[in-house]
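Think of it as A, B, C, D and E in the order they're written, each chain with its own count starting at 1.
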Amino acid sequence: MTGPAATPGTNAGSAAEAPVMLEVEHLVVEFRSGKERVQAVSDISFEVRTGETLGLVGESGCGKTTTGRALVQVQPATSGSVRFQGQDLGRLSKRELRKTRTRIQMIFQDPISSLNPRRRIRDIVAEPLAIWGTGSAEERAAQVRSMLESVGIDPDTAGDRRPQEFSGGQCQRISIARALMAKPSMLICDEPVSALDVSVQAQILNLLADLKAAFGLTMVFIAHDLAVVKNVSDRVAVMYLGKLVELADSDDLYRSPAHPYTEALMASIPEPDPEHVSTHEPLTGELPSPLNPPSGCRFRTRCPYVQDRCASEEPPLREVSPGHQVACHFPLRQLSPVPERPAATTV
Amino acid sequence: MLAYLAKRLGQLVVVGFIISILVFLLVHLLPGDPTVVILGPNDTAHNRALLLAQLGLNKPLYQQYWIWISHVFSGNLGESYVTHESVGHIIATGFPIDLELIIVSQVVAFAVAIPLALFTARRPNRPVDNVATTGTFGLLALPPFVIAPVFVAVFAVALKWFPATGYTSFTTDPATNIHDMILPGLALTAASIAVYYRLLRSDLISTLQEDFITMARSKGLSNRYIMMRHAFRPSTFSLMAAAGVNIGALLAGTFIVEYLFAMNGLGYSIVVAVQQRDYLVIQGIALVVAIAYVVLQFIVDFLFTVVDPRVTRE
Amino acid sequence: SSSSSSTAGTKAQSGTAGINHGTPKRGGTAIIGNDADIDGFYPPSNHWDNNGFLYANCIYDPLMAVAADGSIQPYLCKSMTPNADYTVWTMTLRPGIQFHDGSALDATVVKNNYDALQASLLTGLALKFLKNVTVVDSMTVNFNLNEPYVPLPAGLATQVGYMVSQSMIDAEKGGNSNPTPVGTGPFVYSSWLPNNHFTAVRNPHYWRSGYPYLDQITFRPIPDHSQRVATLQSGGVDLIVSTDPVTITQFQGQSSYQVVDSLSDTLGEPDMSFIMLNCLAAPMDDLRIRQALAKGINYPAFAKLFDSGLNLATTGLFPPGSKYFSQTGYPTYDPAAAKALVKAYTAEKGTPTFDLATVTDARLTRVTQVLQSMWQAIGCKVNLQAIEQAQLISNTIVGNYQAVTYEQFAAPDPSINYVWWSTTTVAPVGKIALNFARNSDPQIEAALVTGRSSSNPSDVIAAYQKVNERLAVDLPYLWLGRTSWSAVADSRIQNFAGTILPGGKPGKGFDNGSFFSTQIWMEG
Amino acid sequence: MPDDRELRSTGSGQTLPTDTFPGQAAVDEMVVMRQEPAPETDEALARRPLGLLFWLALGWVGLVVLLAVIANLLPLPNPNLQNYAAINVGPSLHHLLGTDDLGRDLLSRIIYGARVSLVVGFGAVGIGMAIGGTLGLISGFRGGKLDIVLNAASFVILAFPAIVAVIAIVAFWGQTLAKITIIIGVATIPVLFRVVRASSLAYANRDFVVAARTLGATSTRIVFKEILPNVIPVAVAFGLIAVAGVIVLEGSLAFLGLSVALPTPSWGNIISEGTSNGNLSTNPYILMWPALAMFLLLLSINLIGDRLRQRFDVREGLL
Amino acid sequence: MIRPTAGRGNAGTLHFPDVSDLADPLLEVEDLVTSFRTTRGTVHAVDRVSLTVNRGQTLGVVGESGSGKTVLSRSIMGLLPARDVLRSGTVRFAGHDLTAMEPAQLRQVWGAQLSMIFQDPMTALNPVVRIGRQITESLRLHLKMDRKEATATAIELLRSVGIPSPEQRIRSYPFQLSGGMRQRVMIAIALACAPRLVLADEPTTGLDVTVQAQILDLLAAMQQERHMAVILVTHDLGVVAKRADDIAVMYAGRIVERAPTRTLFAHTRMPYTRALMDSIPRLSDPSGTRLRAIGGRPPDLIHPPTGCRFSPRCPYVQDKCREADPPLRTAGSPDHLFACWFPLVDGVPSGPSGSGQPVTLTTNGAPNNAVEAPAS
């Protein structure tokens, strides 16, 4: 199954031709504590086109959140650049950056803590307008109302209340509403659904899809639930220990992962179906410490297909098929094309 | 660790230096000067000029400061203008008194506040808790100068359990020393009990709401064990921070109690020195107190790291 | 023996508390609670208050001392005789007296003592009349004066009469400003921890053979009055010294305590409590205001409030019974007259407004509150100031005050107070003046000169009566009473207020808060 | 310079120990457990019973404040009027609380004394809060050099023996109520600075602050709109305890003669008078009444603070 | 094997013999009610829940957030706040009624016989106590081990839950571990004394799939080894699908459907369960597929809706649903209980019934023997 990617989803039709909105080059983020340095993100590059949704997946602690925060410049990059609509965000002055803020927004991993517990929902959502002094008080109130309505929150009962009076799902929607009030062209969503139960999760994913359709929103969607990522993304990037290991169209990636880590990820997905039989051995071993990552390929310590070369040489990210990049010396696509999986049985 | 110590030492030097300048300026800005006290009624213009020259107080301030601070660095704090006692000796005899007062009062405060808080935090706002709260606030409303005479009337005059006044150093006679310290220590203890009790209680209440307490219960551990081993330690931060500030304030801040109990501690000595414009004594004590304060904060910070491993040094 | 019996016994013998003539016992340690510490033991560089003399009387002996009859008696010296015009006094020392370090008391050491005293910034002023002291022979010195000074022996019963050893003088000259005290006194210095305790032990080689009775004497300064009382009651000290009249009423009549006080002391010049007015500062520069203030004090009420009625109305420097006593004509309580005076003043210069300053002391702040209330009742506006001691002294010296509480003038002889009242020591406000009240009265000056230079006792008495009367006219001082010194001892302490001078005469026992410890003994 | 930042936790996102104050740590957990609230929650919150004690306490504080304010209008004798015919009389119809050793009416003195105590207590803490609190808020949020410098300054003030400074300043400057309030107020600045700074620090890197920044909020806006509302409950609760502390402190200064000039009554100096001149044994009422009034006020203030905190506190009432 | 002394007859069980018949269920919960008194009103967090768990079996409990899963498991344990809680009903565990036990007796059961894995490993581990001690303290308490023995056992336990170099890790504090490791430490603590029943409250939320799989496998292995029963609480149907023998679906404090896992997936009766399953994004669906969310919101547990609690959100709601509360009952297989007036048959609701009697259903040829649940 080589060749062009399968027909993209309904909403990704023009993504490939669309102009690049976000361009990440050689991004490195380091945390320092005392003498120790943790490279949470080590040298990753990717781009996101206008109107596209890029999914970002990977093991817990691999640097997804850090990447997301570096994109919106709340986490300073150690090196590398983030270009947004042609501007290098890292080089902007404080004032210029502040102006750019409205166009690129982030939904934080923990929706509850990203809302000020002491402020009323109405004020929180109106904050972007208040900051920029947009419109009169009444205009703002009207905008807040319509935005709350569109994220499925009743503005009449909710407006006067404070975040802690809402469930996680509602908080998530409120923080989405706030992010959208700024009318961004790009939205970074950091695990917006991981703590939510399936029904709330479904509501939010639908909402994002609607927004994307309505506003042509460009998104980076971070999650660890692969089914969710697949559902929302046009393309998916897989991270492992601070590195980008695979990047492909989502259907393509799920159909035939080229990196052993991606394959292991797919295999570990619990199917909500008691009849489903898993074909792969689950991944074993602990995530190596980012303090001293393994030499060569970082996945080699847990890779079932490891070879000598993996320890000595770091695999570069390269294309195995058009639009499908992988960082592996022995990508699964070349060694043995993965047989198409039997369609999961549904009830 | 070494780097940390070095950094701390650096802080100590800087803070000590700033304080030395401030103290120096402040005492020299005080109205009146030592000649008034020393010469008293013999304060004639002539005598005063002579005395000022004798004491080196006729030099420009910055020179005086320089002379003083360079002596300090060679370990010489000078001597009292009034009694001619060496400042080093005043501090050496006074510091242990403050230290003992602090130890006695704080040990008692902890000994009362901690068990009380451990006892009441499990069932807040119950009668026992209300009684304890009321009681500790009663203590807070009674300043040491009220408590001291009452204690003396009861425990010294009526019961003759403890001496009414006086201080014998520990090295001279440990038993008498401890005997002497009880009442003044208790007079200082009251306010600390209230503050510590309140802080620990409220922190304990928060801690007891933590999941890890339920987790500990789910292991079948006894309530006592949970309070002691699981709840207490994570609840001691405010307590330690408050104790740090409080103990710092007690350093040379015990004037009233030392005055009432006729103890020549630093608190008493520094106030007397201020009243007598005994510059070198004030400066010496203030400097030592400042250094002690920095060291104290160092200890508190260190205790933080002991109590909570998440807190790191640097 | 129980105190009641001993007190009763004492009364049977002498009629005075604190003076016992029973059989003395040897040994024991007396612990005395006093109100503050000495500032040092070297007479040239310290100034001694009652506590200073308490300590000094243990370590040192004075050249002269006051006897119970008011006469000045030789102590360390054998005799002292003036020349005809009282400008040269020849003193013969008692033979065989040794300092604690074994050195002998001779003419040289006395001369060296005076050289040091004269050179001192502190004591030099008090010895202004003294040209020098010269050695005549090993046991004889001459005091050569600049001017006639008749009451010189009384002057030598003060701080400048206490002789220290050559070793101390040398040590001081050598740069040790705090030399170990070495005297000829009944006790030998043992330890001094300022503001904690002072201890001296029996001098086995004391020249007054048989004395002292005690093995050891310890002084513990306890600054707070009630705590000092509590310490006595709890047995922490055997004797306390106090200025608070409450002490007297509290303990008088209690069989287990003996109380002596200075209220009936008629010798020399007593310690006076008064309000000092700055005669050069408005509104006190107007005599009418000073008069109004004097008339405005409801003295009977005042005495009842403060001295429990013990302190008799005071009209001047000398109490009835003193040889200097006379009716001074000091104004009595007359609110109507006071109001009229204030009214007159107000009409001219506006409401008299002034600060009444005091040190931060519970009793004195109470005094000032009462005075404020009384003076406001006659139409003055009084602000109370609590200022700490050093600043208060400083203010009074330069005249930066209007009215201030003061205690002063205790002296074996009134002449010693010359500088405080002399017109020669007045200076304008802002300049240093020893006449703090800045009262220039030529009549006082003349009387004072007579008082110190006349050898005729009746002239002297007349002179000081004149001073006293003039003060009642000029009103630089509003008398509040005598400072009510008292000592309270538990029943074990004997004879703390009775001392026999070397010549055999009884000495002045309790002298403004101090006493000799030579003949104290302890029972049981 | 000493810097709480050293005490930061590493990893694990738990609240920082130095920055902890009761009630913040488990907010998140709680929210997970919270069910969709009834629509009238805000009113319900307002109706949450504060307890009889709270109202008693509030009543007492209110009464004290009211009496102090309208003291002039009350049929009270002049608090400084000395009546030597009625010295140290016990409580009676004529003198409800008795008189002191100068025959002054104790009730009147205590009511007028409340003025001083309240002005000093609230005024000083107000000053400390306005300056120390504001600096703490900014310092905790901004960090960096500013924080280091302010910390060092607070440290220097804290390490300086306070009594020396007070004696010096009072000697230098005088003893009016306003001055005493300012002096004590200045002394509380570093303490309040550190408390507020600690909790500001705790919020400085919270997600909602970061979120506000991504929206383009300026630092000033973040400090006042995002951080301040969170710091206020802690600051108020601590401030109330500080008020209690300052009222007692004024008493200690009065004991040393360093507080407001006499005969202006303050609870502190009435207590101080009650312990001197033998009054403790002859007339214990002098000490007792103001001590009682002060005790009840402290207790009430604290109780109010406690209950208010409980109410503001998101977490309380869960378990 | 985790620990040589584990199993019956160890010191900890002496006070707590299993008095029930081995064939009887290990845990029988009957009419368990747990409510919280709050200032807004009483929150009926768990409402008349009955369930049973057999030895060695796994019961999955699923439901939306806030449906009472955590409260249920804490209520079974008896670990509820001391005040403002109402609990009634019985919890029989190994033949003993836990609700009737004194705290001192309960403490002998907790940790030793019955243990719990808490929902959030971040907060459930004491941040200032080394993990070693957090494991050994219950060993020392219940199994009377000495320090050395307990430490050795703790190391073994850590090793068995897959923590590398446990000898060193035992000295770590929780904050020094990654989220996955902490979760495993929690499991090690819960398993330390070889309890008969483990209540695992969302043991894998917030973990990525690879770690999640590891943990679930580990739990299953231990269960096999020790014949241990597990209540697996989760909102992720994917997790329970292959791990549980039975599944109970909770909604608004009640169990609304209960069946063996396969039966439940194959013949879902409750529209709610169905809706839950439908809202899961499927890997098999192409990217961008619209999800079928459940409309509306979970009910207010203070004023729950009358009738069927799911009725306001149920796509097939009928008048009856709003009026009468459906009892828990069976249809088809006797072990499939559900609370719905119009249960689904092959994905479509059965017809309305005017009689108010439970509808008799025939599914997969099962006998027509609907039984009213014994509930009140």
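Just a few scattered comments:
The criterion applied here is as follows: a contact is a pair of C-beta atoms (placed from the backbone, for glycine too) under 8 Å apart; a residue touches a chain by one contact, two chains touch by 3 or more.
As the structure is a prediction and not an experimental result, all values here were calculated from the model.
Number of steps on the shortest path from subunit A to subunit C, with steps defined by chain touch: 2.
Ranking A-E and B-E by contacting C-beta pairs places A-E first. Centre-to-centre, using mean CA coordinates, subunit A is 48 Å away from subunit D.
Note on chain placement: the centre of subunit B and the centre of subunit D lie 22 Å apart, centres being C-alpha means.
Subunit B and subunit C have CA centres that are 38 Å apart. Note: centroid distance subunit A to subunit B, computed from Cα atoms, is 55 Å.
Touching of two or more other chains is recorded for residues 65-66, 120, 123, 127, 175-176 of subunit E. The residues of subunit A that reach two or more other chains are 33, 167-168, 195, listed in rising order. Residue positions 226, 388, 391 of subunit C are each in touch with at least two other chains. Per the touch definition, subunit A reaches subunit D in the complex via residues 33, 69, 72, 74, 98-99, 101-102, 104-106, 108, 110, 112-119, 127-128, 131-132, 157, 160-161, 163-168, 171, 175, 178, 182, 195. On the subunit E side of its complex with subunit B, the touching residues are 74, 77, 79, 82, 106-112, 115-116, 118, 120, 123-129, 137-138, 141-142, 173, 175-176, 186, 189.
Put simply, subunit B touches subunit C in their complex at residues 31-33, 36-45, 47-48, 50-51, 79, 82-85, 90, 93, 148-149, 152-153, 156-157, 160, 163-167, 259-264, 268-269, 272, 274-277. Those residues of subunit D that touch subunit A in the complex are listed here as 10, 27-28, 30-32, 34-37, 39, 41-42, 206-208, 210-218, 221, 225-226, 229-230, 232, 314.
Within the complex formed with subunit E, the residues of subunit B that make contact are 123, 210-212, 214-222, 225, 229-230, 233-234, 307-310.
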